[in-house]
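In order of appearance the chains are A, B and C, and numbering begins at 1 in each one.
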Amino acid sequence: MTRARYLAPLMALGLVLAACTSASPSASPGTSSGPSASAGPSTGEDDLTGQSVTVIGTWGDAEEEAFLAMVKPWEDATGATVKYTGTRDINTILTTGVASGVLPDLAGLPGPGQMAEYAAAGALKPLDDVLDIATYESETASGLVSLGQADGSTFGVFIKASVKGLIWFNPGLYDYTDNAPATWDDLLTQGAANQGSAQALWCLGIESGAASGWPATDWIEQIVLHQAGPDVYNQWWAGDLAWDSPEIRGAFEVYMNDVVGKSFGGGTNAVATSFLTAGDPLFTSPQGCEFFHQASFITGLGDFPNRTAGTDYNAFPFPSINAAYANAVEGAGDLFGMFHDTPAAKSLMRYLVTADAQNIWVRIGGALSANKNASDYPDDISSTMGSMVANAEMLVFDASDQMPAAMNEAFWSTMVSLTNGSITIDKALSDLDAVAADAYGS
Amino acid sequence: MDDRLITAIVVVVGVPGVLVGYIWGTEQVLRLFGGRMQPRIRPWLWLLPALGFLGVFLVYPTIGTILRSLQDKAGTEFVGLANYAWFFSNDNALSALKNNVLWVVFLTVFTVGIGLLISVLVDRVRYESVAKSVIFVPLAVSMVAAGVIWKFMYEYRPPGEVQIGTLNAALGAVGSGPVAFLQAQDFSMNTFALIAVMTWMWTGFAMVIISAALKAINPELLEAARMDGANEWQVFRGIIFPLLVPTLAVVSTTIVITALKAFDVVYTMTSGNLETDVIANLMIKQMFSFGDFGRASAIAVVLLLAIVPIMLFNIRQFRSQEAVR
Amino acid sequence: MTTAASTRPRGARPGWFARARGRVGVHAVLAILMIVWLLPTVGLLVNSFRQPAAVSASGWWEGLTPPYDLTLENYAHVLARNGIADAFINSLFITIPATVIPILVAAFAAYAFSWMEFRGRNLLFVVVVGLLVVPLQTTLIPILRLFASLGINGQFLAVWLAHTGYGLPFAIYLLRNYMGGLPREVFESAAIDGASPVTSFFRLALPMSVPVIAALAIFQFLFVWNDLLVSLIYIGAANPDNLPLTVNLANLVNSLGGGWQALGAAAFLSMALPLVVFFSLQRFFVRGIVGGSVKG
């Protein structure tokens, strides 16, 4: 247990920064069919009448509508059409597609690892000559830019992002809005003092269908990041640090003692509860819990959309465990890549990274922009979260998503067993080390 | 909408027309041959479309799978039996194999047993079609919907909270605490909870086939036995059951293979966590999540080998059917 | 060989199972099984008429007591999806040929396996049945490559052919088992009367196999109707305009799994047609269709 040693009151400052510069006219005086970089709608004025772009992504329901709203101005300006298919089986489509050569023009990519594989296979087209890279890099959070690179070229861009490691609370019970706990110990003591009628400190739910366990891996990631710092964090997902090292073991211990041990309904309930509705007990009377840890996108899920931001719920950033890493932020986002370099696909790609395009989804809600200049957030909370991504001093990406897929999956699955009480921390760590020996090798 | 109209015509008229035309055409072709050659060539002409489809869609990819199972993840190097060695030395794979044994035994016993029971019983009541429809409905449910349906059945809330899952509410009503069905590992309860979902879905399948065979039994045979003083059990045991054996063999074989290939219930409901994994789910993960086609192919080949005993049993079964007809 | 006019089961005839005690037992067992099988679906049905928030807050049975607070919102939400009407028609265009083709092709093969003599017949048949175990996921890549080289990926034809290939082992197995059980004398006397195999097939084998063909038609229709993977892979990337209902409805759920409450309404809307098919084919399941001519 190393966590209590480093107290850092500075914390939240680094996170809640002002973001937005003015809305730039954005985008790419691209190479080929040069849309003007000047004023006016940055939809790229290529005449692509009658052409179409096939797009496959995981966005469904309201996300699908938001994406279609986002591409509408481009369709209007160019005369081309976007044929979007949303499916959560995107892994299957892309694995099969890369192997057989049948691919959509553009697609959401499962993660940086798969992106690199598809790029190496020659399926994914480099974007260096498609985008105005200098503009793209200057407008995009730096951590996100490098995540889209493989072998020195840009293959993936982010058209929306999210920030992880937020602690949600109900101001009706106790309002932490202006006095967020700065350290993990503060959080535990203040939480206990202000718990009132809430039945437990934490709400915890890690069920997520075939990806069950990921909310628990996010917990471990946050603890590692704030306890051991970004360098250790990056070594860890890269496979250069054993699972059974003091840093990682320490994070597992914090998770089991301070989180699972203080959660509403305990570990069994956490495994049985979908992360989608895990935060709902924040809004029951009496409250099931005082705090709920989840990424920014939770505002669109469970009972959150029925509640009012600011009065019914609010959030503060993950408190520091070691003061040195108070400013570290974990981001995540939807990587997007191009498989066919048709004129229409290239034009759409240029459009999607612009602030004008990303502002459309941002205004609809439920998304943070990857472009720093897109900041038309519908409420203060979203705006704050958006600036956390845009201005983070130490931005890291979801660790488990950067691990080899087999490692990631084993991490999820082990967290389910551990949270359920089926295995001990010792067993969990040795199992994960065994998987690592195999997964990083190939 | 012209395209649609053309498609509709192709769909309704063209497709069956082509196939019937083919078979009619074979007889014209056969006329070119001598009378003695005809019976030797004819079966192959009748089999040709089926063998063509099977060859292209199943045999050809399977040959590829077998070769691929001897290669590494990227498919660049031959690694001998390394993928098989991995499979049989991996704890998860062995636990999955054990679960598949449970799946094969219990899914088959439950679906065929209950399907047979229902088929025989509904034959004697006036609400036969209603009863059969009720059992059949789950088969029409997609896997996604079945996942949602059973989520409502198995839903768990902590003790003291209001239970919103059907089963835990029922347990509460009789004074018992809630059970996390999909997490309880004692006696593989969670695996049985998954088998129950599949049983619910597939019993209708067994019932429809068994019932069709039951209807084909000549009623006079049964009447005659009853006239001779046989009771209902003796009629079932002595006449109905033996006549149903070929059909039960077909249904059982199909369900055994379904149980071996079962993955979507597991994938949807537990993702194989907490020792509920099955080999087909491992294969899917290796293939589409990890991109390791070598290991995935080795698992597919293990599946292929696992049915050899079942196929040998089937050969015996056909021989005995042919002997009596 | 007409359809039996009445669905009245023989069990209703006097002499069948006369003892009252036994009857009560039969009804009790059936009633229990029917309740067990119906209950999960009823839960979903009730929940499909409840507010999404209520579904995750209280048990479905709360929708049956005041205040009911029922709504058609979920159904409206599903029906309002982009392109759902086109997707429904696509599903029909995919499903009908993908049901008819394998049944006819399998019937030819089953007839040959049952009533024609040739070397290696049993071995070949067992190999065909053994193909049942091939996981269709292992075929996706080679077949997609093949379709792409023929230029038919993205078209309905690709999916018809694929579903035929995948459906054939079971179809041949089931039909062969049934056709093989038909009485030998029928075919022998037809042959003596000079009927060609084609005539015997269309006049005798097919009509006598109607119950099993009806069963097969139902299964194949259901499997294809509910299929998502095959269409997604062989149509998906190339031509989203041809995608079926399942793909459209699956996207009611967002990338994180939210919005699943609408899946209940979607399930009932999408189940409606297969159930109509089942009910309309159910009349072929009554006794007497083969005129009692099947040897016992």
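Quick notes on this structure:
By our rule, contacts are C-beta pairs under 8 Å (C-beta built on N, C-alpha and C of every residue); 3 or more make two chains touch, one makes a residue touch a chain.
Because the structure is a prediction, the values reported are computed rather than measured.
The greatest centre-to-centre gap from chain B, using C-alpha centroids, is found for A.
More inter-chain C-beta contacts link the pair B-C than the other of A-C and B-C. Inter-chain spacing, taken between the CA centroids of chain A and chain C, is 41 Å. Separation between the centroids of chain B and chain C, computed from CA atoms only, is 13 Å. Multi-chain contact residues of chain A, defined as those touching 2 or more other chains: 92, 96, 209.
In chain C, the residues that reach two or more other chains under the touch definition are 56-57, 137, 141-142, 228, 250, 260. Multi-chain contact residues of chain B, defined as those touching 2 or more other chains: 287-288.
By the touch criterion stated above, chain C contacts chain A in their complex at residues 53, 56-57, 82, 137, 140-142, 144-145, 147-148, 153, 228-229, 232-233, 236-238, 240-241, 243, 247, 250-260, 262. On the side of chain B, the complex with chain C involves touching residues 4, 7-8, 10-12, 15-16, 19-20, 23-24, 26-27, 39-40, 42-44, 46-47, 49-51, 53-54, 56-62, 64-65, 114, 117-118, 121-126, 128-129, 131-145, 148-150, 152-153, 162-166, 169, 200, 203, 205, 208-209, 211-213, 215-221, 223, 226, 232, 239, 243, 246-247, 249-250, 253-254, 257, 260-261, 280, 283-284, 287-288, 296-297, 300, 303-304, 306-308, 311, 314-315, 318-319, 321-322, 325. Residues 91-92, 95-96, 114, 117, 209-213, 264-266, 268-269, 271-272, 404-406, 409, 412-413, 416-417, 420, 422, 442 of chain A are the ones that touch chain B when the two sit in their complex. Taken in their complex, chain A has these residues touching chain C: 54, 56-64, 68, 83-89, 92-93, 96-97, 99-104, 208-209, 274, 276-277, 280, 297, 300-303, 306, 334. If you check the complex, the residues on chain C that touch chain B are 7-12, 15-17, 22, 26-27, 29-30, 33-34, 37-41, 43-44, 47, 56-61, 89, 93, 96-97, 100-102, 104-106, 108-109, 111-113, 116-118, 121-126, 128-135, 137-139, 141-143, 146, 156, 160-162, 164-166, 168-170, 172-174, 177-178, 180-181, 183-184, 196-198, 201, 211-212, 214-215, 218-219, 222, 226, 228, 246, 250, 260, 263-264, 266-267, 270-271, 274-275, 278-279, 282, 285-290, 292, 294-296.
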